[in-house]
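One structure is given below, encoded as structure tokens.
As written, the chains take the letters A, B, C and D, and residue 1 is the first residue of each chain.
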């Protein structure tokens, strides 16, 4: 049910006109005459009223405001599906009792460094290997990733370590090639509202990790998940990676309150990326722990054997030994949360 | 020249290590030993030092901070090109003495309404017809635009009115079809950092109107222009359309200070979109006037014959008669700014 | 009228409980049973329902949300008073046809520099002399203002030039001394929600210029005006001075859309401070012009004879000759807006 | 050491002029001539260069930018004092191995409810009783607190339970009366830059809990702590309580990354307030846990026996039994962090 609030000088004719519009859409009006304002309760299945029709009402003569009560997303909502979504990726599970960690370099740089990295993060307990082959960079003059060569290195590392891989899709035209290699498709923060890309990954049968846009509200984020799910792909993971605020001491502001809020609003698994969230390697550990304590279902963490030589994001990458220590520290927190690592 | 600030406990060996790195890149170091800190001035052409190499320095042993003095964009900068870029589109000019107004509906809905709209905005003095055939919508359940049919209607309206057209490109795969119809390619706010799309429009020979991302800094925006220009296309217009802030009384916060700042930092023409900037039709007029007074080179304004029936953004669309009045009010402001309309 | 939206699993007992609460407050309930949700329209004078009582309803069993339709401010609202408030200060008027400019240094530094400054801004057409005697500074080690000595210099400059003065009140304990000297009491951005200070200036008979807080919404700002007005002082001017956003290229983001929006929501005069709004002297001119075009009733601008020696805010101060040029450029814009300068 | 970056067209005379200014302040210049820019390294004790002098340099002919390397706060910095500050309040300690919890109602409402609340939170393990006697409220029509009567109730509850108390100071004029009752003086978010209030609490001998301003950077927050400490009072606790961002699904965005960052930058204890941070009682528990995992030294949590009847902030208050459960869940997290509760 939506509510239409009328201006204090709305006429009876205005009301009649609105009621007719609603009836044309198969809805009924329930009019409450207040001392200061008249409001119209809209009765019927308003989920079929589009955003556009709602906006049309908003500018109709006599209308002061339109209030939408129902959430604009459906498939992604906890109301639609009570049980948590559990996503199986090869022999790994996201959204279950075990908390998987996805670890690896920001960008794939060469085969041997990647393999070494993969072996180390596996030994420390990581469940997935992350690594970018196509990199979204602010500057056209920065390293843009190895492309398919990077995907091959990821696949080789998977073969040797058994770790399923996750890598980012930036361009619709790369979907086929990415599908040949990856286990999870990552949609980056800058593409969270690249709606065409969302529709395409909604039509394939691989899980999608959807990062939150730098300035996206939780509602918009769930609407983007809805885009993917509306095309059939129900295996969506939501990844909090920090939002843009006025604070410049950290790269972004990691919004951990999004974790319990999403668990309430949605049934989808929630992943936290503390590396991009803070942008400073020495803050990654505390925020990873905090993410687990807040109820995160998984973590994604940047690890690089030699951050001072990394081709991107060295500042926020953990060295393998720091990662190893962190994994040991996370385990007891997972246990307290009645989870495993 | 970049500046490297060392930790107060950096050793001589740390300094040596950094100097060697710089020399490997063909740069020289100029060391200043202060009472509290040592700093290294980097001498040579540091514009060739990539963002990645800079970040690598940042995490090198002994380094506290790296300060970049030179701007990261070049082709888009006023230093690179002193004179204003003037863009010719058919018989119209953007960035010249005359201030063109781009007007029309948010989305193309049908041929006759569009044509009527085009004729009216032309009669009021508009120089371009705007209209979306492919619409980025927050919800997958909202109207997504007419697609090529919409482009055809735009082309028909151009034929009949003589107004060149501007329409949005959302998807790389639509580039060819858009190129067949449009005069200016619009890149929307949500795609300002869709870097692959930027590279593609950088390789075609039509002007591009690049909207500012909802949470993009002016530096990032100019870097996105640089992406386009680095591929050859120098005809880029920057369009301020409001940024996302904590204020919810307006749809966005229109950042008009960006106008004079961009005119100082860059030679590219600056367009202002007051319709999306505020999201309320009754604030569009005052902000359009303010934009001219702040030094804007062009305006883009939503006009719809019947906002209460518009399929998108009715709330922020002017009716043709309001638009006509506004155009009359803008003219004397343009004159004071030593421009014409 | 307020609206109470119930959970989809709210029971009849929950409804009964809420209705009883409302009736205890002298209100009636109007229940609409929708297909998905039940909503309760609250009938009666809900302006007497406090924020606290509203919050209490919000956490009552069965309640999902409470929507407040009426604005929380009353005396400051356009609905309460249709005509513009016009404030007379000695022989000057704020909120009338003439647009007064308040000009002068950020901080009063010494008698002769101030007097020289005052004479120059008067010659250029300023109507008020601004200058801080008590300065809010981020650092305890920065110059904090001359205190009463500064007020004396301001009064001397007023005597010699005839310009009424405006100066900031930071501390309740300074109210008496400020009242002896100033013509307008300025409440700074950092004190916009210093509620005790607001109550005190609400009880005196001098006009108050209330600056918007760095991260205050327009609603909160009007609530702060309401604080002052609720104690009797109706002579409040609202001063937009930039809000804090993610953008760092300007000191703040000057929100000019606040100007027409405030003129719609409130009857109080709206002043714009482009100096603090952008923080760079070369952007002050364009934004001052834009402010007039957006409908501002007055401007407040920092002018300093020698910004490179100013004890605070030199970066954003205009030199007297730049100010003189600007005043000449503003005049025709004022005329177009059917105002005078 | 500060760095002065010159314009690319700065003349030798400009340089000379700057060097003279620096020498007047007892500093030396170290000039580096780069290919694109000249920079001046400032040598000597620049901590004595005030913010104002720095700004004066910034607008000097030939200067493009001034970079400050040293932090503007000193007493609050970790560099000044390596060991953690530990604050003793009666028989409790803040900043030590034990993590104290400050619990109680938002506002003191009456003696018996407060005492009951105090006994319950004590039984659950709280170490301090919180409660507001003077309340900063957005609306002048909301409940403003009981004033001294509220302080008396707090003191009575302390006598009966032994819990030291913490309450907010809003108005300099209330300092004496607050000093008679409270154990810790709370400075609220809206007063974080009420510099006069900071100076006053800097001159008394009770610990101060300084809440972060809604839109204050970490640097500004530490500068406000510096204000207090510069007057002698070294017992300052920093309390993260959420910042204002574009997200509206939570009341504020709790910035937990501030916790490890502050522990790095400063020696002062860090307290987290999850109640105001998120504004929804059901998110308070997860965020309290996350705060401990991020390294918080203490928590402050709102508890109310009957949130639906609370006179303020009922939405974010835990019921005593929920608080009791939370305290049990926090204990093992504290142990993992090598702390106690």
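Everything below uses one rule, namely that a contact is a pair of C-beta atoms (placed from the backbone, for glycine too) under 8 Å apart; a residue touches a chain by one contact, two chains touch by 3 or more.
Nothing here was measured: the structure is a model prediction, and the numbers come from that model.
Chains that count as touching both chain B and chain C, per the definition above, are A, D. If you compare B-D with A-D, the chain pair joined by more contacting C-beta pairs is A-D. In whole angstrom, the spacing between the mean C-alpha positions of chain C and chain D is 26. If you average the CA atoms of chain B and of chain D, the two centres end up 39 Å from each other.
Measuring from the averaged C-alpha position of chain A to that of chain D gives a distance of 31 Å.
Multi-chain contact residues, meaning those touching two or more other chains, occur in chain D at positions 215, 244-246, 248. Residues of chain C touching chain A in their complex: 1, 3, 5, 8, 30, 32, 34-37, 39, 41-46, 64-65, 67, 69-70, 79, 215, 244-246, 248. Here chain D touches chain A in the complex through residues 215, 217-219, 243, 245-250, 253-257, 259-261, 264, 277-278, 280, 282-283, 286-287, 289-295, 329, 332-333, 336, going by the rule given at the top. Remark: chain D residues 50-52, 55-61, 72, 136-143, 170-173, 190-191, 193-196, 198-199, 214-215, 220, 223, 226-227, 230-231, 244, 281, 307-315 touch chain C in the complex.
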